[in-house]
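Note that the chains take the letters A, B and C in the order they are written out, and that residue 1 is the start of every chain.
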Amino acid sequence: MTIVSVYAVFADDEEAARIGRKMVEERFAACVNILDPCASIYRWEGQIETANEVPAVFKTGKETAAALVDRIAALHSYDTPCVVVWPVNRALPAYANWVCQSTGKET
Amino acid sequence: MTIVSVYAVFADDEEAARIGRKMVEERFAACVNILDPCASIYRWEGQIETANEVPAVFKTGKETAAALVDRIAALHSYDTPCVVVWPVNRALPAYANWVCQSTGKET
Amino acid sequence: MTIVSVYAVFADDEEAARIGRKMVEERFAACVNILDPCASIYRWEGQIETANEVPAVFKTGKETAAALVDRIAALHSYDTPCVVVWPVNRALPAYANWVCQSTGKET
């Protein structure tokens, strides 16, 4: 399949919307769904910590996934943000085409 | 693994619930989790657009995934909806069996 | 890739937080994002049922994924809970390292 999903977690709504919009503007992603805030529990420097964060699901081409991950990381407020690429086995061909045409270099 | 997850994004709660229920009734999916509304940012005809949409995660068998994607698309209000199949590497065997028995032809 | 995502659905917030925290404490997962409650529609013993449930996304190493699935199932209030492993094709190397160092045996 020519597209992938990218799951990323942001510090708050503002960061998710700012970086989300920039990824679409800069053609790193065709679309992003910014979900409602989530409650996170994680291990950091030996302690169990909690935080409210904002998860989002990006849609991009397989060819642009690596650049999307790196660009989100460069803009993100964390040093080591969660930005993971989930493979897509199947999608509607017209949808996949739209994602690929909306990302990468302008054709 | 014999099952997959299918991520789909709907125009609103009503559409997500209507199509979600139909997919379970018609045995295209064993279950659907309709998440809270999300804020979407996307590129459409050269413009950056925003919309509130409703994401959902369906659970179905590998054999019925293609039919589920096509059936959702046929009922969806968009011409090119986001309906993507995510592979599952592992699940509890009893859960996978339940998903497969709840989808496809009645045995 | 050395890490995976694990999507699990819990009966309510309390169960999601209790089991979620335990998985991080016991090093079965590095982190969990507990999403807002979702509306579920599913087939059970021939009937279409609905329920409010709580979905969560865990992050763990490939090596610990099977143990995480089994441990969640052992603690879960359902006999056959949805706990599915989603493959990750790419992540920031530093992030993947953190996930692996936060799971499995203490090094």
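A few comments on the model shown:
Here is the rule we go by: a contact is a pair of C-beta atoms (placed from the backbone, for glycine too) under 8 Å apart; a residue touches a chain by one contact, two chains touch by 3 or more.
A quick note: this is a predicted structure, and the numbers were derived from the prediction, not measured.
Viewed as a contact network, the protein chains are fully connected, with every chain touching every other. Residue numbering shows that chain A and chain B use the same positions for less than half of their mutual interface. Remark: chain A and chain B have CA centroids separated by 20 Å (rounded to whole angstrom). Shared contact sites, meaning residues of chain A that touch two or more other chains, fall at 35-36, 86-87. Contacts from chain A toward chain C in the complex involve residues 4, 7, 9, 35-43, 48, 53, 55, 65-66, 69-70, 73, 79-87. Chain C meets chain A in the complex at residues 3, 5, 17, 20-21, 24-25, 27, 30-36, 57, 59, 86-92, 94-95, 98, 102.
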